[in-house]
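Each structure below appears as structure tokens.
There are two complexes below, and they share chain A, which is joined by chain B in the first and by chain C in the second.
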Partner chain A sequence: MRRFWVWVLLLAAPALALSGEEVLKQVEARPRPKTFHGKLAMELINKQGKRLTRELEIWTKREGSVEKMLIKFLAPPDVRGTAFLAIRKGGREEMKLYLPALKKVRRIAGGQKKGSFMGSDFSYDDISKLGSLKSENYQSKLLREEGAFYVVEATPKPGVESAYERLVLWVEKPHFDVVKIEFYRKGALYKVMTLDEIQTYAGKYRIPTRLVMENKKTRHKTVLLQRELELDHPIPDSVFTERFMKR
Partner chain B sequence: MESLSRFATRRPWPVILLFVALTLVLGSGLGRLTFDNSPESLVPPELPAYRLFDEVRETFGSADVAIAALEGEVWSPEGLASLRAATEAVAEVEGVLGVTSLANAQRMEEVDGDLVIEDLLPERIAPSDIPQIRAYVDGHPLYAHRLVSPDGRYAAVILELDTSQDMRRLNQALYQAFKTHWQGPVYLSGTPALSGYILETIQRDLPIQMTLAALILGLILYLNFRSTRGVLLPLLTVAVALLWSLGLGGWLGFKLGMISSILPVVVLAVGSSFTLHVLNRFYHELAAGKGRAEAILLAVRETGLGVLVSALAAGAGLAALYSSSIPQIKFFGLLAAFGVLVAFLAASLLTPAVLSLLKNPRRLPDPERPDRVSRAMQKLAPLVAAHRHRVLSLAAAFLLVMLFLATRVQVETSFLAYFPKDAPPRVATELVDRVFGGSDTLTVVVEGNLKDPALLQAIYRFEQEAKALPEVGSAISIADVIREIHRALTGSYGFPSSEEGVAQELLLYQLSGDPEALTRFITEDASAALITVQVRSLPTGQMKSLTEDLKELAKRTIAPFADAVEFTGTTVLMLEVMRLILHDQYVSLALALVLVAFFNALLLRSLRVGAVSVLPLGLTIAGQFGLMGMLGIPLDTATALIAAIAIGVGDYSVHVIVRYLEELKNGEDPGGAARTSLYVSGRAVFFTALAIGGGFMALLFSGFAPIQTFAKLMGFSVGATALFALTVLPAALLVWVRRYRKEAGNHA
Partner chain C sequence: MKKHLALALLFGLALAQEGPALSGSLTYGFGLRYTDLAIVQNEARFSLRWETNLEDAALVAELQASPGRVGLGEAYAEVYLGAFDLAAGRILENTGRTDLFSPLDAFNPKDLARPIAAPEDQKRPLEALRLAYYPEGTRAEIRLLYAPRFVPSTPPAGPWARPLPLPPGVVKVETHAPAASLENGVFGIRASTSLEVLDGLDLGATLLYTYTPFPGLKALLDATDPDQPCPDPNTGPCIAVLGYDRLFLAGGDLALAFSVPGVEGGFVARAEAAYGRTQDPTGTDPFVQDSYLEGVLELEHTFPEGPTVLLLYRARQSPSPGWTHHLALSARYEADEALTLEGAWVQNLTDGSGAILPRVRYRLADGVEALFRASVFYGGPASEFGFWRDNGELGAELRYAF
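And now, the complex of A and B:
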């Protein structure tokens, strides 16, 4: 009889473990705030260890399929007031830029997705992966469990445009927090992102407050610190306008 | 030495086994020997210009670019698609830090009020896209004439490279990557192509030169000895010397470059003379009816001093090159000196050991028996004695004329001059010079507040004035990038009026794409920037004056607004190398002559004799430089070695002195001593000169002009030293060394 239960347990064990896809689904199932406002300290560290700090204020808002984001530079003083607005409706994205020295708002056209996020080692794509990985775009596989972490490999499905050929994610078990992502390109490790401080806001939102992205090729590093966060506080639509950009 | 030789004769096997064991141990380093002819192998790491070069490389990724020209129909969908495939492929090659071509260029312009920032080439290129792309490129100062030729026949791919890589491998990998994707001809210019070609040529030439040198030596040895063992024994000793010195180089991690590739021939030519002397004497004693063991001992005793002095002198002359600040020359000097000393050891130990094991030859020709050569020498002696003062006056006149001519010697470090006209890298470099205005780069480092519009304006003015010079193809920097952004934003070329404006436009550029694209031009904190000046590949003299003109221009235009302006890049480093070569030349020459005089004086126990002994060498060196000045042969990294090597190989004249002193000691009058000395040693000098000179002739088959020139100059030097040793030297001995009472060094 005892032997029977051992067999049952052995057979059932794989069913109890999550598949890679399920892990990513769980990551995506975490609640996301409708609005987000906070300050971002961005530290750029080059391979000689020289540091350069930028400070930004960021507002985002989600309403159905519309996503809006406004970023304003607070420091250094010579770029203070520079503002960047992105509004994504369905598949289309509209981007505008305000340079205070020219006192003009310019619409920007062209592919920005692969580009750098505010001159950092993060790309726009990397930043958007933080919110939602869009697991349907990936073929995923649970590589192993490392103590409290699931290690999942995600490969873009054929036809899905991606700057990387492979991602390896470390997902912490209780909250399904992504704590580390390795980005592979052309068979080699290209960048590593570590989210080493994650805090709970409003009792349900798990928000990384310290993110480090290291480019293995250029040995350049960016540290992002998020602070003074306000989540789900109403943000009026007037924030995402040219007038507010210039203010 | 003699007791060691005696031991070798009595117990040949331990000596032979010891040589075999050491040859195996040291020789196994041969597999570790690598080749490197990167500019780094020529530049001393402690040089200030190199530190800046290194700093620039660390900060901006690369201080050196190479340009590839792809020939074909660039302005066609297929052409652009192939260019894109080729660009992507070379970006994957190890050692490539960055690639710029039309395929990854960005388009930033205003279209219907929108600021468009995107890749210049769309994903799928349709024939209808071409006119628009071409119009944009033609109006873009960063791209037009730089990335594509005005007629659209050539596309340029600008490669930023890690120059510490194995250039031969890099060159092949680049070529392979281009050829896989581009159907038309591919021209690779710049350092990797030149260095890669140099390495390929060395590796191809090296075995040929060694075989040739061995064959020539073998022939001369045969003419001298008329026996197989007379040919094989000297060759065996130099083979041992060669294995030891090359193996040691491998163990020490040395790398062979163009200069050090002559090492084997130097060791072969110089080293074989030692055994030649010992064998000459051995056969002479055998022919005189002595037993084998006695003949060996007598041979070593009689020739020992001369061989020791000439080995020490050769070693000293070559080791003096270690004082050079150029790494490749340093290592060459060290290994060549080591090889020569090993050849000496092998001649005094291995040769007696092997001889004692071999049966006496059936035929016993006496190489020292009077023949045509020795009879000619005999006639020479009274002539020299009668006209000794005239000979010395002629020598003095020769010295003065040659020294005067030597002042006209030019220095040349341009790699391009090394190649035959049809060598692929030379063809490529000349093509890139013609089509894109320059294949060489000068890098200007500007430190200061790069957000200051006045500094940017100054940089732009520098670039404009530089481009007006006929030798300059293009000059680009962050100033051009900002002008482009400014035009896209405002519709007109220019600079923002404030620091904030510059900072914001820079930020915009960063936001628009790859941040790395910017760090090639400017540091993140905008405290330093690079101006890349593309210039034609020029001879060293012209490059020097161009660099000075540009430095002057930078001082006038940029310096008032910047904290510092400095020039670097491979070209600038090579100019520094030139300065060092000139400086080292005097140091190593003086050092080598002093060392030789010192050893001769020490071993022959007379300062006066030491001074007289370097006369043939001094005259030969003056002759070399005079000849170079007269014929317009430049002093380059190869010919810079001739003086030191001439000293190394030329001291066989010491045999004449040794014999002359010996005769004086035996109570001969100076005239008789000179006659006997020329009669006995003259023939050996003649054949040694023939063997050494012949060995160097193998270098005539080198693929490099400077090495060929080096070989010719060595031919001259060896001949001249022999001539001086047989004329000026006895004349000088007759005038200044008429008595020799002191105890002469007794055969060491």
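And now, the complex of A and C:
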């Protein structure tokens, strides 16, 4: 009888296991709000544990293949009014930064997107892609199953612009929540992002309310805490404009 | 219009979502001229900014104080009326695109008493009206500007000031600024848009009907009978009347973001070109300042995990002194969230003079920043920057923003 169950398990296992691609597709298939508005606290923590805090307001909107994001800095006073706009349309992405001291809107070009977002451990690119993973841009491979997690390696497909050579994602099995991402650059682990304190909103959206990005080279950390979330509330397109950035 | 503005503001206040935000800064600056160890800056400055962002309006008022001087900084009300934004008050406006040199950014006066101050600190607000129109469904913006009173820029002062080339018979100098009137106002219009070209293209066109920022010689009068012209400027006695000439400034600007295959890090090219026309385009009238043509090309590149570098070339042509060319290089590197290294080098290619301006910023805590700066000038004694070669400084600034 015991031998029978061993055979059943061995035969069933390949049928139940998911490929890396399937895991990422499941991650993408989770319900996502069409709009998101909220406030964020951003803490920058250096290796000595010294903290600097920023407060941000964020608006995002998704319509078909168009994704828009606007972030405004509310505090501290020396960065108050700075605004970041990202618009992704198909494979094209446009980023702009409004600097209130200069009254100027500056474009963020190509590789500049890999640069630090306002002194944090997130790049402009990381921030603009928060919460959206385009599985078609990656070749993925299931590395292993680690208890309740799928561990998937995702490598950008040729021609896809990416700041990283590969990502390794920890995906929690029952809900396909991404809880950790390792970012590799030049063959070495560069940054690690953990996504925790996941809460369910409107009975269907599972959203991490605490994100920690750690730079393994500098041992510097950035913590993003999400507050006052509003999901699926209508946000007019006029929010994602230079006009609104300057207000 | 005033009534509508007041009503809109009251309506906006009633709909206020958030209370007013108070912010400000306290800055202490110290500067030492290293050629003779003279203290050239020892000044505390305070600013307080009150800002309310309402559903359909914004109110901003800024108080600036330093020993012996209290004044208003930016102070305006803005209402959002559908596709229009209307602002009135003391306004800071940006009509240019490039850095360091921006020939089109000429709406606001500049305080160049200490010409080594940061460009954003040199600009002074101007009492003006601004109407911005955003055509629906486009990424275009059209701004109309009107300032009833022209406010001249403050020329370099003290050891930074150059003597005016006046005839030896001049015993008195009078400066006349245009009186506030409808016809003496400053007018401007700027149109800009964004296009999906390469990694993104921004285009702008600006027309300004303003005055030359600094005064020029308008007349030489007889000091004994100011109704008569000076009979002999070499012997005098004469009164030199300085004044401002009407300037029609027209130009265009662009910013183009692009990537270069095989090169990590992005590029942004910016350019500005302007023609400033006075009533003396040929430069033959000694009592009217010359017309000029000016162009700036700028290339910005951010190295991966490295500095952002700006390379800038400027050319300017006027009947006198003809062509002048500048080259500038500036870099900014945020080593971490606390330490920022900045530096600028400006070279006048025509007379061989130049300036080097390194800065180090260190954020001690949220809102508390220390700045260390130096300035070095070189070149012949009559050259653009060489004239200031004894004005090189070492300085420090501590700023608390709240």
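Following the convention adopted for this analysis, the second predicted complex is superposed on the first by the 209 of 247 C-alpha atoms of A that agree within 3 Å, B and C clash if a C-alpha of one lies under 4 Å from a C-alpha of the other, contacts with A are read in each partner's own complex, and residues count from 1 in each chain.
Operating definition for what follows: a contact is a pair of C-beta atoms (placed from the backbone, for glycine too) under 8 Å apart; a residue touches a chain by one contact, two chains touch by 3 or more.
Note that this is a predicted model, so its numbers are computed, not measured.
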item: First, second, both or neither for A:Arg144, with chain B first and chain C second; value: neither
item: Touched partner set for A:Thr218, first chain B, second chain C, both or neither; value: both
item: Partner chain in contact with A:Thr53 - chain B first, chain C second, else both or neither; value: second
item: First, second, both or neither for A:Arg92, with chain B first and chain C second; value: second
item: Partner chain in contact with A:Ala101 - chain B first, chain C second, else both or neither; value: both
item: Chain B versus chain C as contact partner of A:Lys186, first or second or both or neither; value: first
item: Partner chain in contact with A:Phe84 - chain B first, chain C second, else both or neither; value: first
item: Touched partner set for A:Gly115, first chain B, second chain C, both or neither; value: both
item: Overlap of chain C and chain B interfaces on chain A (superposed complexes); value: 44, 46, 52, 76-78, 101-102, 104, 106-112, 115-116, 119-120, 218, 220
item: For the chain C and chain A complex, residues of the former touching the latter; value: 21, 23-25, 53, 58, 80, 85, 92-94, 97, 120, 132, 134, 139, 141, 194, 196, 199-200, 202, 255, 257-259, 263-268, 300, 302, 304-305, 308, 334, 336-338, 363, 365-367, 369, 401-402
item: Chain B-facing residues of chain A, complex; value: 44, 46-48, 50, 52, 73, 76-79, 82, 84, 97, 99-102, 104, 106-112, 115-116, 118-121, 186, 218, 220
item: Interface residues, chain A side, partner chain C - complex; value: 44, 46, 52-53, 76-78, 80, 92, 94, 101-116, 119-120, 218, 220, 241-243, 247
item: Partner chain A, residues of chain B touching it in the complex; value: 58-59, 92, 111, 113-119, 451, 489-490, 496, 498-505, 507-508, 510-516, 519, 523-525
